[in-house]
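In what comes next, subunit A is part of two complexes: it sits with subunit B in the first one and with subunit C in the second one.
What follows is the complex of A and B.
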C-alpha cells in the first residue's frame, strides 16, 4: 500500500515539476479549511479584541476610539492591581501544592501494596467531578456554623476557622479545593514518569548504600523533573485562568479578597458591560500568561541541559 | 376538563349574548380578540425561578386561549441578564418577550430603547381586558414600569419585599419580644446570641454586591435617599454612615462568624438549621423555610415587617416584569402573553404557592385568592403590610452592578473593622466618575 502511494506521489512530483513556478503547491486547498478556522476563531477575535481595547465600548452606547486610554486606566484601578496580586498568589499556591502532594502520592502509589489499583482509582476520583458541583459542596463544608470542616477541627481540639468567609483565609481555602481536585492529575503524570525510570540506577545506589531519601533526591527527582515541568505547566495554565471554583464559592469575595484577574475581567465585560476596558484587561492578562509560559519553557530547557550535563 | 373554570357552554352563551347585543344595534363593548394572532410563534427568555416555572407550567392554557405558540427558556438570573443585554444591544434579539429585573436593568433598558412602548396597547379594548388598568398596579410597580415620559415599557410581574423572618422557638426560649425598631432588634439579637451554643441573634447577606439589598433596608429607615435632584449619588451621606454602623453592629456582634462571605444561601442555611434567630431577606423564601425536607424550623417561623429606623419604616422593594423587545415583529401577540402572565389567574397561582407576589392589588387583596395561600397567614400579612410601606431598594441608575460591587465591597470591609465613613467615601470616589460617565454617554 505504502509503496504504491510513494510511487504515485513521486509520479505526481515529476509531473508537477516543470510547472512548479507557475502553480501554487498542490497541498494548498487542503490547508485552506484549517486556515479559515484558525483565522475565524483565533486570529480574528484576537485582532478584534485589541481593536475593542482601544475603544470606549459600552453596550448600549455608541463606541468611540480612545487610543490607549483603557490601558492607562489599569494602573490606577485599585481593583485591577489587587486582582493581579490575588492571581499571582492563587496561581503560585495552586501550582506548588498539587506538585508536592502529587509527587508524594505518585511515589507512594508506585510501590507495590495490596489493593493498589483500587486505591489509585479512588484517589483520582476528585478529578472526575464537575468543578461547579464540587464548589457548591465545598461551600457548605466551609460554612463556619454548619460545615463539616469545623466539626473535624473540633474533634482534634483546634479552634473553628472561617475558611472562605474571611478575607485573610479565603485564597488558601480556595487553593485547598483546587489542590484536592488536581493533585491526582499531577500524580498521574508523575506516575507515568516513575514507570519510565529504569531500575539499574536504584540497584547500584543500593549497593553503594544510599538510603531511601538519597535515592529519591539524587535519582528519582532529577529523572522526573521533565514530567514535573509538564505537570507544572498544565497546572499553571489551569490555575491562572481558574474561574469556576472561585466564582461558584465566593464570587470574588469577601469584599474583593479573592477576585482574580479572570473574575474581574468577567465583571467588567459582562456585568458592567464595559467591553472596551474588559478587552484591555484581557490583552494584559494574555501578555501575562505568555510571559509566564515563556519563563516555564525557558526553565524546562535549562533543566534538560543540566540533565545532559549531569549525565556527561 | 371538570375543573375548567369556564365551561364551553358559558362561553357559547356569552358569545351568543354578545351576538344578540350587536344585532340590537347598540355598539357592543369591544372585547379582547384573543384569537386574532393565532398561529404566531413567540420566543420568551425567562430568569430561572418560580415565576418562570409558573409560566411554563400553565402555558398550554394560553395557547388554548389564543392559538399562539410559545417557546420559552429559563436561564439562571445572572446569565439571563447578560444574554438579554448582549442580544438586545445587537439589535436582533432572538426573543419577543423578556423577563427583566427592574432593580438592575430599568435604566439600562430605557437608555438602550430596547423595550416597546405598550401604553397604547393598554388603552386598546381589543387587546386589553377591562380589569387590567394601570391603577391596579402598586406604586412601586408603576415606578418601575414607566419611563420619565410616563410610557409603560413593561408589565410589572412580581415584587420582592424585604421582611424580617424570626425563629419563634428561640424567641420564646429567651423570652424576647418581636422587635419593632432597630434598637429593639439589636437588643433582642444580643439576648438571643449564645456563641457557646452556636446560636446567633441575626444573620443576613454580608457578601459584596448581594449585601446591598439588605443594607438599603437600614439606609431607607435612617431616612436615606439614593439620588439628589441632579442625579448625584447620596449613599455616602450621614444616613448611609448611620445605616452602615447599624449593619456593622448587627453583622459583627450578633451574627455567625464568617457572615462577611454569606449570600442568601448561607444565611438561609444558618436560619433553617435554627442557628440564627432573625434574618432579613426577600419574601420569596417562605416555601423552603416551610419545607420539612429542607428546614428544621417548619411551623416555627415568624414573619413580620423590617423594624423601623429613627426616620421611618420602609420595606426595601425589588421586582421583575415582562417587557416586549422593541425589535420584535409580534408585539401584539407578545403583549397578549404578557397580559396573560400577569393576569389574575396566573398571579393567584404564584401568590398561593409562595413563589412570588403580584404587583396587582386586585390579586393581593382578593379574599378568595388569599384563602388559597399555602404559606402561613403571618407571611401573607407581612406581604400585605410591606406593600403599604414599600420603597425602591436600589438607586435607579445605569451602573447598578458597579454600585453594588463598589459600595458593597466598602460595606463588607467594615465587617473586618474598617471605619464606615472612610470606606464609603473611598468607594464613592471610585463610583462617582463611573456614574457620571454612564449618564453622559
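What follows is the complex of A and C.
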C-alpha cells in the first residue's frame, strides 16, 4: 500500500501549490483588458441576475421589487420539482456510465498499438462534433419505424422500442447519447492518470503471479482514483447543465418527461419571458451545481485520507 | 511470437475495434443518410450503401441562399469572438502566470460552472436596451463567455511552464515588459497559442444555446440554422443529414488533424464551453 500512500500525498502536494509572494505591479496592464471583459460579460450578468431574481420582471410590463417571492414559488411549482428529479436521474446516469466505459477505454488506449494517435482522434470525435448536428442524426436513429436502432435490436431478437417517444424510456435514451458523446473526455483524463503510474508495482505483482484483473483492481484502480474524481466532477457539471442534446432531440418531451432544470429555465425565461422567476431558477441552479461540486471535492479528500489510513 | 502473445495481440485489436466502432459507425451512418434518396432512407431493412448516391442533397443545401448567409454568420461570429479572445486572453494569461495570481482563476472556474442560459437573461435585456438585437454583435459579445475563459485558462498553463531565465536576461538588457512578452515569451508559447485557438474555435462554432435566443432570421449561425431545419423538414432526411454533416465537418477534420493539440488542451484544463 506504500505506493498508494505516495500517490495520495503527491496529489495533496500538487493541490496545495505554494503561492509566490512577489507581485510586481508592472504586469497589471496585461490583465486589465481581460478584467474589463470578464467584469462586463461574467460578473455583471451574475450580479444583475441576482437583482432580477428579487423582482417581478416580465417583458413588456413594469418591474416591481418582490423580495424572495420568486424563490418561494419554486418548491410549490410542480414542474420545477419534477425537473429537479429528471435532472438528478439524468446526471447520475450520465456520470456513472461514461466513467465506467471511459476507464475501460483508457486501459485499452494505454497499450501500445499502431495508429494509436489517429484512432484516439477518431475516438474523441463525438465530443468535439457540433452537438446539434449529432442530435439530429440520433433523432433519425431513434425513429420507431425507420430508425436504424430498432433494426439493430431486431437483429439480436429484441422487440422494437419507442426510445425518445415514450416517457418511460426517454431519459435512458438521452443518456445513451450523452454517454456516447462524453465517454471520450473521461477516457482522456483517466489516460493522463494511467501515464503517471510507475511500472514497478506491476513488475512485482507479475512476479507474485497476479492476473490482469487483480493488477487492475489492486494497483491501477487505487492509483487512478484521484483522476476518476476529477473526471466525475467535470462530467457532473456538464451533465447537470446539458442542454443542446435534450433540446434538439426532445425539447423536454414527450410532455415534460425529459425536462431538466436547464430546459425548464429556458422555457420560463425565453418562452414565457418571466425573467424574474427565470433568474431565481438560474441562481438556485447555480447554487445546486456548486453544492454538488463541493460534495464531490469533500468525498475526494475523504478517500485520500482513508487510503493513507489503510496504508498505515 | 508465442501463442500467448498472439492471443494478446488479437485481444487488444478486438478491444480497440469495439471501443472505436460506436464513433466510426455513427459518423459513417451519418454520411450514409446524407448520400441517400428518400426511397433508400425510408427503406426497411435500412440500406447502408445505396446503389445511387444522392450528391444532390449536398448541392441543394449549398445552393440555398440562406445556408450561405448562415455560414458567413458563423464565420464572422466564431472568427471575431476567437480573435478578440486571443487578443485579450493571451496577455491576461501571461500576466496571471507571472503575477502568480492563482486565485483569479476562480472567476474562470465560475464561468466554467455557470449554465450558459444564466448569462443570457441579463445580457438579453442589455442588448435589447442597447438596440443591438437583429445584428451579429450580441452573439459575438456573448461568445466571448466561451472563448475568453478557454484562452486564459490554457495560456496560464503554458506560460507557467516556459522558462523565466530568458525573460529575466532580456529585462536586465533593458527591454520593457511588453517587449519581453512580445519577443521572448510569445514565440516560446506558440504551441499553447495553437491549442487555445483551436479549442476556442471549436467550442464557439458548436455553440447553440446563445444563438437560439439571440439570433433573428438573418443572424442565425449554422447550428441554429440546422436546428430550424429539423422543425420544418422533419421528413426529408437526406438533405438534413447533409446539412448536419456540412456544419460539423470542419470540426471533425480539425479533431483528427490536430488531435495532439486538442488532447493536450482538454487534459490540461478539461475545459468545455457553454
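Just a few scattered comments:
Following the convention adopted for this analysis, the second predicted complex is superposed on the first by the 257 of 312 C-alpha atoms of A that agree within 3 Å, B and C clash if a C-alpha of one lies under 4 Å from a C-alpha of the other, contacts with A are read in each partner's own complex, and residues count from 1 in each chain.
Note that a residue touches a chain if its C-beta (ideal position, glycine included) is under 8 Å from a C-beta of that chain, and two chains touch if they have at least 3 such contacts.
Please read these numbers as outputs of a predicted model, since none were measured by experiment.
After overlaying the two complexes on the shared chain, residue contacts for A:172 are found with neither subunit B nor subunit C. When the shared chain is aligned, subunit C comes close enough to touch A:31, but subunit B does not. Subunit A is touched at more residues by one of its partners, and among subunit B and subunit C that partner is C.
Contact with neither subunit B nor subunit C is seen for A:201 once the two complexes are overlaid on the shared chain.
When the two complexes are overlaid on their common chain A, residue A:163 makes contact with subunit B while staying clear of subunit C. Look at A:146: by the touch rule set out above, it reaches both subunit B and subunit C. Applying the stated contact rule after C-alpha superposition, one finds that A:270 touches each of subunit B and subunit C. In the superposition on chain A, contact of A:226 is made with neither subunit B nor subunit C. By the touch criterion defined above, A:44 lies against subunit C but remains apart from subunit B after alignment on the C-alpha atoms of chain A.
When both complexes are aligned on chain A by C-alpha atoms, subunit A residues 139-140, 145-146, 270 touch subunit B in the first and subunit C in the second. Against subunit A, the residues of subunit B that register as touching in their complex are 78, 82, 85-86, 88-89, 108, 111-112, 114, 198, 200, 206-209, 256-263, 265-266, 269-270, 273, 275, 399, 401-402, 405, 409, 412-413, 415-416, 430, 438, 441. Interface residues of subunit A facing subunit B in the complex, by the touch rule stated above, are 56, 58-62, 78, 139-140, 143-146, 160, 162-167, 170, 250-256, 267, 270-273. Contact residues of subunit A toward subunit C in the complex are 17, 19-20, 22-24, 26-31, 33-35, 37-38, 41-46, 48-49, 52, 104-105, 108-109, 111, 113, 117-126, 128-134, 136-137, 139-141, 145-146, 148, 151, 180, 184-185, 188-189, 191-192, 230, 234, 237-238, 241, 243-244, 247-248, 262, 265-266, 269-270, 275, 278-279, 282, 285-286, 289-290, 293. In the complex of the two chains, the subunit C residues touching subunit A come out as 12-13, 15-16, 19-20, 22-24, 26-27, 29-30, 33, 41-42, 44-46, 87-89, 91-92, 94-96, 98-102, 104, 107, 110-126, 141-142, 144-145, 148, 152, 177-178, 181, 202, 205-206, 208-209, 212-213, 222-224, 226-227, 230, 237, 240-241, 244-245, 247-248, 251-252, 254-257, 259-260, 262-263, 266-267, 270, 272, 274.
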